[in-house]
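The following pair of complexes shares a single chain, chain A, combined with chain B in the former and chain C in the latter.
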Partner chain A sequence: MNVVEAVDLRRTYKTTTGTIRRRSLEVEAVRGISFAIAEGELFGLLGPNGAGKTTTIKMLITLLIPTSGEARVLGHDVVEDARWVRERIGYVFGGDRGLYERLSAMDNLRYFAELYGVEPKGQRARIDELLELVGLKGREKERVEGYSRGMRQRLHIARGLLHDPPVVFLDEPTIGVDPVGARELRATIASLTASGKTVLLTTHYMFEADALCDRIAVIANGEIVAQGTPQELKAGVADGSVVEVEVFGVEERSVERLRQLAGVRAVTVEDQEQKQLLIVQTAPGLELTHAILSQLDGASVGRVSSREPTLEDAYVALVTAA
Partner chain B sequence: MLRLLWVGWVMHMKMLTRSAFNFWLGIVYPLFFATAAFFMFQSGDDPKPLLYASLGAAVMGIWGATSTAAGAALARERWTGTLELLVTAPAHFALILLPVTIAMATIGIYSMISTLVWGRLVFGIELEVGDPLAFVLAVPATVVSIGALGFLLAVAFVRFRQAWALGNMLEYPVWLVSGFLVPLTLFPDWVRPISWALAPTWGISAIRGAALGGSPYGDIALALSLGAGYTLAGILLLERALRTARVKASLSLS
Partner chain C sequence: MSNTAPESRVPRGARGNAGTRFRRAGRTAGQGRAALRVFFVGGRISYRALFNWISPVMYVTTMLGSPLFQILFFTYLGRYAGSRSDDFFIVGNAVQVSAMAGIYGMVMGIANERQFGTLTPLLATPANRLAVFAGRALPNIVNGLVVSSFGFAASWLLLDFSPDAASLPALAFVVVVTVVSCTALGMLIGSIGLRARDVFFAANLVYFLMLLFCGVNVDVDSLPGWMEAIGRSVPLTHGIEAARRVVEGATLGDVRGLIVTEALIGIAYAVAAYVLFRFFEAESRRRASLETF
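Right, the complex of A and B next:
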């Protein structure tokens, strides 16, 4: 049974520009996406900033009404049966927002337990159980304003699970969290599907999607450009290879020339202090190292290496092609 | 339902009492108005005008806390992302919003007390209450009805991102046409219907009636009836406002 379904979902925002001469603009944030998530599945929505991940999740959790298309959670329409859906979903987002800073973690959880209709008799036990799950037991009486980013994020997860929802939406839950905290959060997220919940996770961290998700949809410019298991997505670029070149002072026109080179699938530039790392994905069976280096006129070249493609390379290839 | 209203009120009271901004807004700020009012009404030996001004300034504090702070509170909910979480909660949104504005009006009681104490200590104004029972009924009736008016405004705050400015804009006109300091008889006739439609008009009239002599019970009933009307109108408008906010994507800033 599909727990979450999106069918040709679209969302347009109207915005205005200018102060005196105001012009109305329409921005298409989501352009007809379709996917389905099975019961107990951890499904990842992977994409760069502004790709439409959060807009998609907000339509599914009843916060935004789609411009067109349909979305169902547990078989119920998210627009027509919004209250029914809200009783059965949990929503957690990343970052500092979404908590009452001047209240303690315990008061935050008590308030939301009330809002989510948790039985008064069982509230205390449920809150204790969740504090234990997210590792905040013993810190619950402290005000949230003194919490670290990681602690806030764990509190977010506890809040989202208060009413024991069968479906959980996690919108970039590890963003800005330190590596140790993020690892602990990922373990908590993994435990959700182990307890039978269906999870939709949005992230732009490849390794996170690779480690956690059963299936992934890659979204770019409001459209799904690929969908499958992490292995299937990697297989899409596995037949090629990746050439990495350390350069000092590479110009944008050189990078553009590389992109036009026959056999080059994608080029990304990572700034690393004083140098840049060029990551060039190439088609299979081609030796392009010499051709690549010949396009970098004027730039000092450092280490050059080649390697097998990773999920990140698959993602970059998909997103840059979109 | 009552439990949700109670817990919501307790939580918002906790948040408001821990805010330095609300402390200044609720306690110190009204003293400036009260002082100005006391100097305006300080003429002759008759203490009644001063008590009249003192009570008017005290209710101004309740209205000021509700109109300004309710707008600020809803704007803060939007900025901090909690507004979206409140909307996605299965509870009826009116039951979530109502305790917020009632908590604001309750904070206004602080300003009422501080204004009366200020008047007693600095200007020697004795609070002599003619009908203590009516006074005890009139104060909470005024608080609840002003909270209900705040709730109606809060519906606009939820729907429109910039509506918090409306709360600030309405602060002075409402206390002017509600007769907090200036008798309504001084205004042109066309202002009267506006005054009658505002619960604070009947609230201050009831409080003054209880303290200075008069028949406050009819005013208490009118203040509460208008409060009930505002609440009903707010509930009816809220569903439509929320749906429009979901279409226009105005619940968050991102």
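Right, the complex of A and C next:
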């Protein structure tokens, strides 16, 4: 059975600009997306900033009504049966807002346990279990205002799981968490599906998506541009290769010329302290290293290497093509 | 298993119906219990979470200090002007300061939810909205009674306020009704604050306007007609009038009309506040209007 289903979902926002001469503006945040998540599946929603991931999640968790299209969770319509759906889903969003600062983590959890109708008898034990799970045990009596970003993020996760929901929506759950903590959280997320839960996850970390997700949808400008297992998405660019070039002070002009080069699929520039890293994806069967280097006139070049494409490369190719 | 045997003799349809009805009844009872816990336990936790003046220093200055000086100020001013007895000012102000607790506390208890960014997670829960909303009122009502009692007690100590002991239960009852209706007014301002930005400014304005319109220090009868009309359509006015009469020796029966009017006004404001809250919730799902400022 499909636990989460989105059918041609759309959502526009009306906003106004200007203070004196007000103009109303329509933003098409989500433009007809469809997908289905099977029971026990960990489904990733990837896409650049503003692609419409959070908007999609907000529709699925009943906080926003779709402009058109339908969505169902466990077979129930998210608009018609909002309360039924709310009882059975957990929702975790990234960032450090959305907690009661003056309350301790314990009281934040106790409050939401009441709001989710967690039986008073099992509450203490459940909260203890979750504090243990997210690694906040021992700090639960402290007020949230003294919490670090990562600690808040862990508390968000604990809160989303209080009522042991069969379906969990995680919107950038590892944002702001240190590498060791993020690794622990990934293990936690993996354990959710291991215990039979269905999970929808958004993240900007491709290795995270690669490691966790059974299937991924890449969304750009409110539309799904690709959908499949991480392997399938990688296969889309796997035939090519990736040339990485370290350069010192590359000019925008040169990068533009590289993009025009025959056989080049995508170019991204990563700024690294003194230098930049050019990541050039190329079509299969071409030895483009020389052609690439010849476009970088003037800039001094460091290490040059060539490697197999990763999920991140597949993602970049998909998103830049969209 | 032996206990399945009798059940298997029940006709299929009937068994299903009874089962569904049974389950539904159980479910409703469960939801009722959950709603009660949201009302009492949730209300108490949310008060600690959202009431800005919860720390002892802030509480003593805003909830006890400033009411005390308000009572003293107007009573001495009244003595100086020589127009009315001390009791007129003491009762008017000691009841009104309880309104402050209800109004400011309630505004914080609702509007802060958006200010703190916790409204979205709250609205994502399946919790019974009426229980969530009404639960916020209880701690504020209790606080209002504490503040008012403190005001009366301080007046007894410092201003020789000495009503007949027999009138105290009736006075307490009138104060309870008035605090409840003022809390309802706070609810309404709080609901407006879910959408409007600086609602504390509105709360301040309302507080000071009450001093003028509600017969706290000036008889409502002596105000111009339009002011009197406003005064008679908001919480507090009838409560203060009833409290004064009771202190003068009237029984609850004598002031029944005033108490009922005060209560009805309070109910009307509470209903309006809740309807507005639900309207904003529904609208935010359609227009994303509660997401950001």
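Criterion: the second predicted complex is superposed on the first by the 322 of 322 C-alpha atoms of A that agree within 3 Å, B and C clash if a C-alpha of one lies under 4 Å from a C-alpha of the other, contacts with A are read in each partner's own complex, and residues count from 1 in each chain.
Just so we're on the same page, a residue touches a chain if its C-beta (ideal position, glycine included) is under 8 Å from a C-beta of that chain, and two chains touch if they have at least 3 such contacts.
Keep in mind that this is a model prediction, so the values were computed, not measured.
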Practice task
Could you check whether chain B and chain C clash or fit when both are placed on chain A?
Solution key: clash
Exercise for the section: Considering only touches as defined above, state whether A:116 meets chain B (first), chain C (second), both or neither. Expected result: both
Practice task
Tell me which partner A:101 touches in the superposition: chain B (first), chain C (second), both or neither.
Solution key: both
Exercise for the section: For A:205, select first, second, both or neither according to whether it touches chain B, chain C, the two together, or no partner. Expected result: neither
Completion exercise
Dual-contact residues of chain A (chain B, chain C) 13-14, 61-65, 83, 86-87, 91, 93, 97-103, 107, 110-112, 114-117, 120, 159
Handout entry: Residues on chain A engaged by chain C in the complex (per definition of touch)
Key = 13-14, 61-65, 83-84, 86-87, 91, 93, 97-103, 107, 110-112, 114-117, 120, 159
Exercise for the section: Mind listing the chain C positions that touch chain A in their complex? Expected result: 30-31, 34, 37-38, 41-42, 45-46, 48-50, 54, 116-118, 120-127, 132, 284-288
Problem - chain A to chain B touching residues, read off their complex - result: 13-14, 54, 58, 61-65, 83, 86-87, 89, 91, 93, 95, 97-103, 107, 110-112, 114-117, 120, 159, 163
Handout entry: Complex interface listing, chain B residues touching chain A
Key = 3-4, 7-8, 11, 14-15, 18-19, 79-82, 84-91, 96, 243, 246-249, 251-252, 254
